[in-house]
Amino acid sequence: MSAVLSLKGATIRFGGLVAVNDVTFDIEKGDLFGLIGPNGAGKTTCFNLITGVYRPTSGEIFFNEKLINGLAPNRICAMGIARTFQNIRLFQALTVLENVVIGGFLRHKASLASALAYLPPAITETSRLEREAMDLLEVLDLADVAQTRSADLPYGKQRRLEIARAMATQPELLLLDEPAAGMNPNEKEDLAQTVRLIRDQFGKTILLIEHDMKFVMGICEKIVVLDHGEEIAYGPPSAIRNDPKVIEAYLGEAV
Amino acid sequence: MNWGVRAVSIVAAVGFCFLIQTVSLGFGADIQRLIALAGLYVTLAVSLNLINGITGQFSIGHAAFYMIGAYTTGYLSIQFLKNSGMPGPVWLLLMMLAGAIMASLAGLVVGLPSLRLKGDYLAIVTLGFGEIVRIIVVNSPFDVSFFGVFKFFTFPNLGGAYALDKIPAIRELWLIWLLAVVCIAVCRNLLKTAHGLAFLSVREDEVASLAMGVNVTRIKVTAFMIGSAFAGAAGALLAHYETSILPSTFAMDVSFIILTMVVLGGTGSITGSALAAITLFALPEVLRRNKEPVTGGTFLAIVIGVIAAVVLIRWFQNEYHGSKNKKTAGYFASVAASAIVAFGLTFALNAIPALHDKAFEGSKLRMVIFAGSLIIVMLIRPEGVFAHHEFSWTWLKKVLRIKPKSEALAT
Amino acid sequence: MVHQLLPIAAVDFNTLPQQLVLGIGIGAVYALVALGYTMVYGVLKLINFAHAEVFMLGAYTALFTAWYLGFSPQSLQALERESSWLNLLIMLLASMVICAIIGVIIERFAYRPMRSQPRIAILITAIGVSLLLQYGGALFLPVSPPPSIDERVNPYRGAYTITLSRPSDRLLGQKEELERQYQESNVAFEKQLEKEKSRFDLSPQGIALRNAKQEAERALRKVTDEIAASGRELKLPRGQMIMLGATLILMLILRHLVLYTRTGRAMRAASHDFDTASLMGISVDKIVTVTFIIGSALAGAGAMMQATFIGTPLTTFYGVSLGVKAFVAAVLGGIGNIPGAVLGAMVLAIAETLVVWADGSKWKDAIAFVILIAVLLFKPGGLLGSSKVEKV
């Protein structure tokens, strides 16, 4: 089976600092894939490379066998990769529903002219997107706060909204950047269920970054471990758990 | 969509424009001119709001697009109107289109740097662009050549530093206000659709918009092009209303004034921009008309009163931890107390001969009041008077319903 | 001649060094003002639009000080004694002190209450303060007719002349001879003209004499031009030299302050990361105040020197165009970067000079913006700045 996403020797340097060095892995369709590593290991930078925020200094990134190095982030999103942000980046002044509608704007078909004149194509498209957004909010248990300003949501819900918004782009591959950060154990359990639901019911491929080892080990089927930008381990959770290099990398932190 | 409501609104809007025209005919030429200029400022403020408030691209050179529209169409009319044999209003419509196209091309040029620049850097580029446009007009005519060797063409004479005058007069007040209404309608329509949300998303967070597949580039450039097209059309109307235009009509201050309108109205709020445009345009004109000089004592008393009000209101905002109603009551009390103090001081200070004899003409105070109100609003309500609210019937109902309740609680 | 080789009619390489000297003088003022922009931007990330008005008020302070020292329009007729360097120093210090105070007041009452607001709100406040000072100042300060500082307050007028090359004796001799010939032919022609006063047009003899006169005039002009072209001298206006010297001294003091004092170190820390600096126990309020004091004082120094040594008449819009250019200089050098501001100022001033030299004086004011837009598009970090990668 061919890989949905494959990194081949992806590397990026900022001046003298090599933030991500020669990282190679394949994600196959339907994978629930974990990307872990200590602080500053280059996980988020890796996401930024995949989603086109940064351009790799060298190496290649393929999405469904198409080279996506250096494409604009919105093009990459349109191809089917959506992401969430570690430091929540919602459209704060807009409502929850509006945030999700923007995620769906990609599939919006009415012209700008019809929007400016408020003609039927724009009106029907807008209400279609709103309906779709509401459906997604139902799934992610956010329907009751649809009209709330996203900045006013509690932290856990903001994280969920990030996922809803990314889902609204109808991606094939979903990148989640520390989705469980700052959540309590109950919320984490809910989130784990949601992530599984997204994979099983919506058939998405998921790549997630997470600090909470228990969370990652619990839901991911394959894991890549980064340390100081280098890939130090790659395999199923059981293998990762016993990998001496991983234990060494984490020793300072997780004792 | 309810087509009936829509038809009624359109008829009402056009009717409103003709009503303004009819009413203004009852006044003298100078009042008519003010009504015309007020309409143009509404267009300018609302169109800048599209760029600044809705799309979040900080542009402070809006007068440049206004200028481009005015000069392009003024020049075209001087050259071609006589031979065209077209009736005035038709020609004027054509000119509005021409002004809009030229200005939106300029908007494209300014919009492109906005792809790489953010915030205050973009602001300074738009400011610079405005100055370049003004310098080009002031220096006209000139030869465009390659180091003096190959002459490409001669840039036409636009009056240089003096006026471009003898522009044929076509004064259609209703058209001026119709442009304002159309501008408001277009912005409102945009905000009602998913397209509008995409514009807002660029303002809120560019990185996140990109990650959601929004073509940020296209949206920024589009916002600049639409916004400047309206300013260009307004320029065309101005040129044919005034028949004589000067580079200084479009100086940096004008951009700042338009910006002030947007900011005071509440960045992003169409209602706010439109109302602020009318208020801020009318206020200095009223002052200008007031021939009676303001004495130094009165001026000083007002300044002290305003400062006192700002200080008190800020205290209630930041230091006072009462209920919301008590805070509101505090604001009103601050304003009332400061007004009384200022009123009392007027007499006290005017008793001092030096202050009484120093007089300021109302017309000289207008920009001072402008600048002062800009700072005051920033200090006590940085989100602008209307903040992000829009006028709508439901909003009005909400405000009216809440108010009596809060008053009952306060007393 | 060079300008025959090049199609640019007005380009004359002989005048270039002189123009550059003047350009560097202007660059010194740009640099002093640009430093204020760059330092405030470095710490607060704010384009302090009101900085140009601080400059304007500095120029007025210099004017009033000069009046107080006895160089006011009323007392000038009676003025007998020569001015001294002490007067200049008093004016400079007065401008610097008053500007520093004004800068601190603006920061304290307009910018500090806004610090928690979005940057755009502070920027708009800055625009408001700038407009308030321009138009409010016009109510109280003398603006019509625009006053200017009397040049007699400056004891160092005139210029040092450096001779770069002398015209040959042969040319000078030739000129003398031609001058004599011209005088003779002129006198002859005038005499003839007197004789033929009653005639409607000139007689053939008169025409011959007129032609001879014109011929002599042409020859003389040619030699004069040649002399002018070969005899090159560089005029160094003494006022501008003082400007350069003073600027240099102020820069050295600034360098010492920023690099070797505690406050300077704190300032650099705050400019690197405002929030972290405040967590590290640096009193950011104090640092911001110091930044405004230094920046405004430098603007005051620039204003005093420009108003005194260049002597343009003052209005309350005195700072506008210079302010924008100084800001461009700061961006050009890399905003937030102190040596960059000086470099940017010099580059900009020299670019303007070159435009004027190439007969484009009417485009002089546009060049700043063209440079600005080009820099921002191609090297947004400026010449010495580094462009930061936005953290996502």
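A, B and C are the chain letters, set down in written order, and residue numbers restart from 1 in every chain.
Keep this in mind: a contact is a pair of C-beta atoms (placed from the backbone, for glycine too) under 8 Å apart; a residue touches a chain by one contact, two chains touch by 3 or more.
Everything quoted here is computed from the prediction, not taken from an experiment.
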{"item": "Greatest separation from chain B - chain, by CA centre", "value": "A"}
{"item": "Chain closest to the assembly centre - both centres taken as Cα means", "value": "B"}
{"item": "Separation of mean Cα positions, chain B and chain A [Å, integer]", "value": "42"}
{"item": "Whole-Å separation of chain centres (CA-atom averages), chain B against chain C", "value": "34"}
{"item": "Distance from the mean Cα position of chain C to that of chain A, given in whole angstrom", "value": "55"}
{"item": "For chain A, residues contacting two or more additional chains", "value": "53, 85"}
{"item": "Multi-chain contact residues (two or more partners), chain C", "value": "392"}
{"item": "Multi-chain contact residues (two or more partners), chain B", "value": "207"}
{"item": "Residues of chain C touching chain B in the complex", "value": "7-9, 46-47, 110, 113-114, 117-125, 127-132, 134-136, 138-139, 320, 324, 327-328, 331, 362-363, 365-366, 368-370, 372-373, 376-377, 380, 390, 392"}
{"item": "For the chain B and chain C complex, residues of the former touching the latter", "value": "58, 60, 113, 116-117, 119-121, 123-125, 127-129, 131-132, 135-136, 138-139, 142, 147-149, 207, 252-253, 256, 259-260, 263, 267, 314, 360, 364-365, 367-368, 370-372, 374-375, 378-379, 382"}
{"item": "Chain A-touching residues of chain B, taken from the complex the two chains share", "value": "1, 186, 189-190, 192-198, 200-201, 204-205, 207-217, 222, 226, 268, 388"}
{"item": "Chain A residues touching chain B - in the complex, by the definition given at the top", "value": "51-53, 72-74, 77-78, 82-83, 85, 89-94, 98, 101-106, 108, 110, 112, 115-118, 120, 122-123, 125-126, 129, 165-166, 168-169"}
